Each structure stands twice: as C-alpha cells, then as structure tokens.
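Read from first to last, the chains carry the letters A, B and C; within each, the first residue is number 1.
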Amino acid sequence: MHVHHDQLEVRSHGKGLYEITDNVQSKIDKSGVRNGTVTVFVQHTSCSIVIMENADPTARHDLEQFFDRLVPENADYFTHDVEGGDDMPSHIRMVLTRTSETVPIMDGKMQLGTWQGIFLFEHRGVPNRRKFLVTIMGE
Amino acid sequence: MHVHHDQLEVRSHGKGLYEITDNVQSKIDKSGVRNGTVTVFVQHTSCSIVIMENADPTARHDLEQFFDRLVPENADYFTHDVEGGDDMPSHIRMVLTRTSETVPIMDGKMQLGTWQGIFLFEHRGVPNRRKFLVTIMGE
Amino acid sequence: MHVHHDQLEVRSHGKGLYEITDNVQSKIDKSGVRNGTVTVFVQHTSCSIVIMENADPTARHDLEQFFDRLVPENADYFTHDVEGGDDMPSHIRMVLTRTSETVPIMDGKMQLGTWQGIFLFEHRGVPNRRKFLVTIMGE
C-alpha cells in the first residue's frame, strides 16, 4: 500500500460550480492505484469542494441562488471586507461546505453514485487559479 | 496495511435521521482491522451522512425542524423541481452537510465520543434504499 | 505504510474559534511520517473542527456573528434544551460544519494553503476540555 500526491489547478471565472470529476479520475489513472481512496483537498479559504448532482444544470443554478440568499454580500455586521463585498461571504460559504472530499476507489475507478460529480464551488467574483492536492492511498 | 471495501444498504421511509453506527461497526468487525480508519461514503445527492448526538431523540427532531426552515420546499426561485417540492431542497441539504465521514479505529472499535452516532440524514419524503460504501484502511 | 493515533486536548472558554494548527503539526513531527495524510477527528457533538482563514481576526469575528444569526438560541420550536439555550444550537452548528478534517502531508509538513489554519469551533458558552484524535497514515 502506497501514497501518491498530485497537484491540480483549475481556473474559475466568477461564482459558481465547476466540475472536476474527470480531472480527479485522470490523476488516479496516472497513479496506477486500483483499490483505495482519493482525497481531494483545496488549498484556499474562499472556495470549496463539494459532491453535487451533475446531470441537470438547473440544480446547480438553484444551489447558487440559495447560497446568495443564505450568505448575502455586505451584511451590515461584517467588518472583514478588505477585498470587497464577496470577501467575507466567501469564507462563510467555505465553512458551510467542505475543504476536502474523500471517495473510495475500486478497480481503478472512483465509486461515485450515478448522479454524483465533484465540483469546485467558487465563491469569489474575480477570475482565480485554484490549487488542489489529490492524494491517492491504496494498492 | 490493507484496504477493505464493503457495501451497506439502508432503507429510509421519509425525511429524518436513521442511525447506522452498529451497521458500520459490523463491517469493521468483519474486516478484522484493529488499527486504522473507516470512511463511510453515501452514493447519492439527495441524502447525507452526519455524525450527531445519539442519546436524545428531541435533538434529532429539532435538527430536522431547523433544516425544514433553513431550506424550505417550493422556494419561488427554484427551477429544478422534476421530482417534486423536496427535490431541490434535498440537494442543498446534502451540500450543507456531508457525503462522507471518516472515523479512527483503535483496538477494532470506532473511536466515537460518548454521545456520537453515525446517521443517514434522509432528505426525500418517499421511501428509498440508500447505498453506502464502507472503506476500512489499516492493519 | 503505517497508522499512528495520538490524542489532543484543547481547552475552550466560550463560543468561538481556537487555532490548533501547530498542535496538529507537532503530532506529525512526533510520528516521523513524511508522506501521507492526517485526519483530525473531534469526539463531541457540540463543537466542530473547521479549516478557516487564519490571518485576520475580523474574518473569525464575522463568521461567529453569522452563525449566531443563522442558528439563534431559544428558537420557539426547540424542544431539546436540557443544558440551556446554547444546547440545541451547538448540535445544529456541528452538523452544518465538520467533525473531522483530512489534510495531505508532504515532506513531513501539512500542505495547508497560505491562509488556511485548523480551528476548534466551540459552540458552547461554558468552558470545556475538547478531545481530538489525530490519525496519521503514511510512510
């Protein structure tokens, strides 16, 4: 049993969900691991990683609308706004979601359910290059 | 050190919390692993897995009430409602909670705190068969 | 590849974020693992572990304010209040955040991003001793 680390960089252009399922599977293919787990870890505090419904774009649209209402920009009690109105909401949305996801690997493939995809959930309005570490443990 | 995968299926009959702690411990017993971790991964996007207070049913009741208020059915901005009013809220509740939990194993037992239990958090009203993968890594 | 478990106890004195990044790194140093993952698991249902912005205290202040508004004490529908007004909100805040975090280790160091820190997120008002298990897997 061994551990393999790899880096993944994803460009975002505004708030929303960006699917990275195929990027993660490619790292597993490259590692040669057939049986184990993959942990995808995002090295930022203003975006998240989530597993979400990947078939219907309207589900992603509604999710984004929900978060815009749940964590509004420019709440009157916010004091942390150095980088603009989406600065503090981005940290709160990250804490409400996830910094890493772990998925089982069998026969060399992630064992996602039929409708599950892995997504970068970008919380900032400006374009970004987001860095992930993909850690594959197994044999 | 080795990896063991096992499947777990749980029937739900409406929204709410269903404890699966004993089901997960049984899989560990079967694997023979004494020292390591277990990752429980749910292969759906309309239910979650959470670790929650397992002693007092009123705590689970209040949690369900909170989520019914936080993510109401039939919000006027929802566009994804193919499967009914609980369709979109189920995806949002999943993103706000978790798709997997990882728990340490020592001496063959999950090291949960005194009041911690592992639960399927069902977000759909109709009965379901929910599939989990239980991945045990250790020696 | 091996697994190392260690215990960590952190004292809290009221609601808020308490950084434990250095405590976790010390456990990794002690284990001698250079390459793998660390999983930090909190053995309670009334506090959380989160990865959060660690540079600016105002970001943590605003996060705490947000959660005080999102999950208010003494909601009229709460029935679980044996231990006071912050009892039920503490369980809900835990479900909305996380019970464990997993971070990659390379060259003996956690691969956190520039602004990422690991925090105990205490949801109770009274002083507490909080127990964590730190599980290091690797070689």
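FYI, a residue touches a chain if its C-beta (ideal position, glycine included) is under 8 Å from a C-beta of that chain, and two chains touch if they have at least 3 such contacts.
Quick caveat, the model's predicted, so the values are computed rather than measured.
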item: Superposing rotation of chain B relative to chain C, computed on C-alpha atoms, to nearest 5°; value: 120
item: Chain copies touching (chain A, chain B) - same or different residues, decided at half shared; value: different
item: Mean-CA-position distance for chain B and chain A (Å); value: 20
item: Interface hub residues of chain B, defined as touching at least two other chains; value: 1, 70, 96, 98, 102, 137
item: Complex interface listing, chain A residues touching chain B; value: 1, 35-37, 50-53, 56, 58-59, 61-63, 65-66, 69-70, 96-98, 101-104, 106, 111-116, 121, 137-139
item: Contacting residues of chain B [partner chain A, same complex]; value: 1-3, 5, 39, 41-46, 70-71, 75, 77-80, 82, 88, 91-92, 94-96, 98-100, 102, 131, 133, 135, 137
